[in-house]
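Order of writing sets the chain letters: A, B, C and D. Residues in each chain are counted from 1.
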């Protein structure tokens, strides 16, 4: 890949501001450039969310289709599955709420998101050089974020309604049926979103590290979130060090 | 009941008035639904409330409580005016043709002979003209203006449909519709049955309510026939039996009487009984009275009852008053004239009128003994339960014994149902805790008392120490032993009177029936009408053969029915004057030229010629009475009287309050309310989910109907601002209760004498013990007045006021 | 015959019905049964019902249920609704017939209708928690119930109730334990007026026809049988005096059927949902195969370093050296 | 005698329509194991049936009480109750009260011990049967000796005792009633009544 390819792009260098970075984002500039992307607490928060979502998916799927009822064995049987599922939901809700507070600001849509999204073909074919520079999150990630947010709201609301132990009695059967249908459709969608999310993390190499170690390589940031890197370089905190591992 | 529950299947028209069979007797009501489904029978319900019986009726009409006589006499008038009379029946089997004595008259609500001071009639003119032959004078042509028929027509002339509407509040068109349906049953092939209960009896003229319908049934020819009759549904499971066995102040078992103190000796006593026939050839069965009486005395006092001592006539108490009924008993307690009281499975604190008075009366006793399988409010009348029993324990000096008894599941014996069936039952489990059978308790108390008299002496112990006590274990007589006693046995060997060499019953053996009883002391029988229930062949009450040839509903081999296993009383009246069934489809018994035979045990001597012997052998006439002579204290014909507390004045005799001969205690006069202060007409009743004050102890029934309520119309609720399901306060001159309000379309205001009358319905099942919610009942509100003839309290018609309220102070 | 003894009689308790007679089993399949039991039905003749609640009482006793003692709220209905302990309930309606202006007190025994096409069973996610026998009995198998409440949503008649005590769903069993030994349901046995009768469905239909004829002769021109086809017919049927207006009987559904929402949920959503999720996963696999992973290049790292500027004192960039990843 | 058969015949013969609650004709024939999935074990297995009548109203429905244990040994306990199908009146049916009779027999408020409430006290105390019987008889004798009327003003022998009354039940058996009648009447008591009026 030639320099001209990298620099001779027809996209303008975006204006950046301090607002394009999160509080925990930090540059470590040494022999290699390493960028802190997620703090320890953000990562813990994420993984609680992830685990509860997985448990919810498994327990929900167990009750969704007879062919998956065997999954109840993972939770100690049907009664336990039925009992735990809503509690997982409660955990998810609060946990995701934490993520939402952390992430919502940089997930607000930006002008470049439209352009990015319109070039989804280039995204999928890994031709990122054709895309506009994006900040900490690209439009795909934002879509995941916002769909998760909306779907979780829908799921928690419909889920509380059909929570037999505490709340069902406040709804009519017809309302329960609507809630049930909405809940199951929303669940299907959120699982699809989750699949995309997990897949994308795998597909875009170097991503997972952001949620394990909390940082990404400078190259990763340059390649996928250049606007963010530019903002960091301009306004961000940085550690200049001579001997840094990781 | 003249008939039986299972006979109702044979009817064409069921009239439920003065009762609520579907709610109070659901499984008996089954036979109404069977008649409807299988015979196309119709059901009419006449009630102040649209009841659950009404919910399955073909026709419903409202009526103001306490006005049934006006309605019924209106029906009689309709039938007579429209020639809807079963003439052969009326001429042949009633006293329609009997000519009345000169001097008898009726005007302004009163008959001849009224003494306002004593509230009593001199009934001497209420009788037939007796001819020179010693028999009553008759005019078979019914032309004599003083014959019963014409006197009756005059008497009821005032009860036009317009008058019925004015008194009862029943719209005229509804009354006429019902009159038309009922009058169709005057043909011999159509039969109506009357089902009634405490809705008719609990009035100050309860007996006359029932008489009115009985008269209508006679005019329609419906007594003694299948699917007809006067069917008192009756309340408790053995109230029939307790009455048969005479557990009343003035009775001896089998409807014999305790002597009064005017009957100073046995000859005097017996001379006024055993009526001679009033017409030739009639049976007048009460001529056998001495046989039944002497056999009873032998059962009581065995060898101590001898011809020499007039069979221990002296041992019987002699009454100075017509009756020491419960109302009098509580009046006496309240007046400090009674010191001890026993309640055997009975809860007077909730059962009797004017609860405040009952509490006051019980508090004046020295001792009270309560025997019951369950807690009762009565046994805890001294315990403070806030609004539900507001008493000061410390000030009540009554010593109260509470004795635990067995219940039905643990004891053995017979109960008599309303169809007079004596049915035996067996114990299924052992008694809980230290509970004991009532027989054990009664025996123990008796033996202890007897022992005290034997050891210490005392007043007149003779009747106690000589009481016949022939039981294997004197401390616990068995049901089997007592049942044999009730049936009767030969004290000495009995021989055929026509052939003294022939032994009919060996000494010590059971008699086969009451025909075998003697007046010479050679037989003993506890209750003559039960004779045949336990013969040498065994315990007939335990029979369980449910075969029913030709599906008549008789079940002659199921248990035993008194008298003589007869299932339909007066069954000779099911056949015409020549002994042929009025309705061949509904044959009961018929004369085959030599004897009576059929599906039932004939109610007359089986070989008596149909043209000779009338069907009503207990009457000296041999016939039934449209005019009842001096048998009832308040008149030989029924008259409409208002309840003592009525929302309007009596429109046919405005000066008369209540029934003019109903007994009123002086102390209670003050406690009657009037319509100005208490404008609403209240009535009390049972609900199908509960049985009196028992089932509030039963969890399931407490679930099905948990809490005390009153029922009012939407109009009254609006007028008084009472909300459905909200609390209200209902009060009368005698007390006040809090209740939930059931606001319903099933109660409608009625227009009586031009004025709207609102009805307040008050069910009676709640107290302060048991599983259901605590509550008070109608007896906190009802007046202390009873029927003129039998002192049944006037629970069904009284006045209250009502207002919205908060709940009881202590819920 | 005089009987002076009370001979004990042992009831016959041979089981005549069992799992081999299942024709449907929730969230699972059953083999075609070897025999077909004669379809049975309970017929409730509303016109004969006197609302005495004997059925409720008998039901509580037979099934050893203990309902709470409630309060009066201004009506005769007690308890106020079906509960996990109240499998059947009399519902009272005061209805003024607009044609005659007469009050009619409509009393309906509510409870499971034992639909031929049971919505509860369709909705149930727990294998074997709801079963249907070839005689038409739809029964809940407590041991398999997980308490999710899906049956509540599935039922067109609003019948099942979930216990707060053991979190299992309850409803009328049609006294399957009695039917299994050749007896009828406890409510039908108790019913004083035989407003509730039980027998083969054919007999019940014939009996209903007689009852309807009687009602028509009494002026109920619209009397008829309630055996709603929308749920394939039911094994609890009503004779109604006003069969043209079922809903006047305390909201008996006029045309009951499994709700389209439930059909959608248990039909298209269930299958489409799995398909969509599967497709999402498959698309991922497909995409990775076609497009491969999106990798960071050396140049990217270099650009990053360039952009951020070399840190003071850092080793100079050595293009030949593999970047740390 | 096979009661099941007799009951079915009875119902058929009596023309009670389709009221039969015994199914025989529904094609069930194979015997199955006593316990199978989903079906509650038939709870009346191994019980004793006893014929009784309902103690509530005077329709006097036949009931069958199912019990376990032995009456002779004092261990018999009712565990279920149903209508008696053989009974001509109720044909096995029961009303809401009759159907719940077991809860009457087993009511929490059944009395288990003789008790006395002393004058002025606010509670019952348990006593033995001997004490109860002794106490009651003593009360009776005291009252009777003090207030019994042997002769009226006219010197006629009247032998009545008006100061203690007895209210008999209306659900006791005829046999209890007659024994009660005998003992009460022998004392000369006149304020003797029953529940016929209410």
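As a working rule, a residue touches a chain if its C-beta (ideal position, glycine included) is under 8 Å from a C-beta of that chain, and two chains touch if they have at least 3 such contacts.
Worth saying up front: this structure is predicted, and the values here are computed from it rather than measured.
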Chains contacting each of subunit A and subunit D, listed by label: C
By count of C-beta pairs in contact, the leading pair of chains: B-D
Label of the chain whose CA centroid is most distant from the centroid of subunit C: B
Identity of the most central chain, Cα criterion: D
Computed distance of Cα centres, subunit D from subunit C, in Å: 41
Cα-centroid distance, subunit A relative to subunit B, in whole angstrom: 85
Subunit B and subunit C, separation of their C-alpha mean positions in angstrom: 51
Residues of subunit C whose C-beta touches two or more other chains: 6, 52-54, 56-57, 60-61, 192, 194
Set of subunit B residues in contact with two or more other chains: 26-27, 30, 34, 37, 426, 544, 688-689, 699-701, 704, 771
Chains touching one another, given as label pairs in label order: A-C, B-C, B-D, C-D
Residues on subunit D engaged by subunit B in the complex (per definition of touch): 10, 13-17, 48, 50-62, 65, 67, 69, 71, 74-78, 81, 83, 86-91, 93-101, 103-105, 107-124, 129, 132-141, 143-145, 147-148, 150, 152, 154, 156-198
Residue ranges of subunit C touching subunit A (in the complex, touch as defined): 27-28, 125-127, 129, 144-150, 152-153, 155, 158, 162, 164, 167, 259, 261-262, 264-265, 269-270, 272-274, 276-277, 280-281, 284, 287-288, 291-305, 307-315, 323-325
Partner subunit C, residues of subunit B touching it in the complex: 22-23, 26-27, 29-30, 33-34, 36-37, 40, 50, 52-56, 58, 60, 426, 537-540, 542-545, 557, 688-689, 699-709, 723-726, 740-746, 771-773
In the complex, subunit C residues that touch subunit D: 6, 8-19, 35-38, 40, 52-54, 56-58, 60-62, 64, 128, 131, 135, 139, 141, 143, 173, 176-186, 188-192, 194, 197-200, 203-204, 207
Subunit B partner contacts - residues on subunit C that touch it in the complex: 1-4, 6, 47-54, 56-57, 60-61, 66-76, 78-79, 94, 96, 102-105, 107, 192-195, 210-211, 214, 217-218
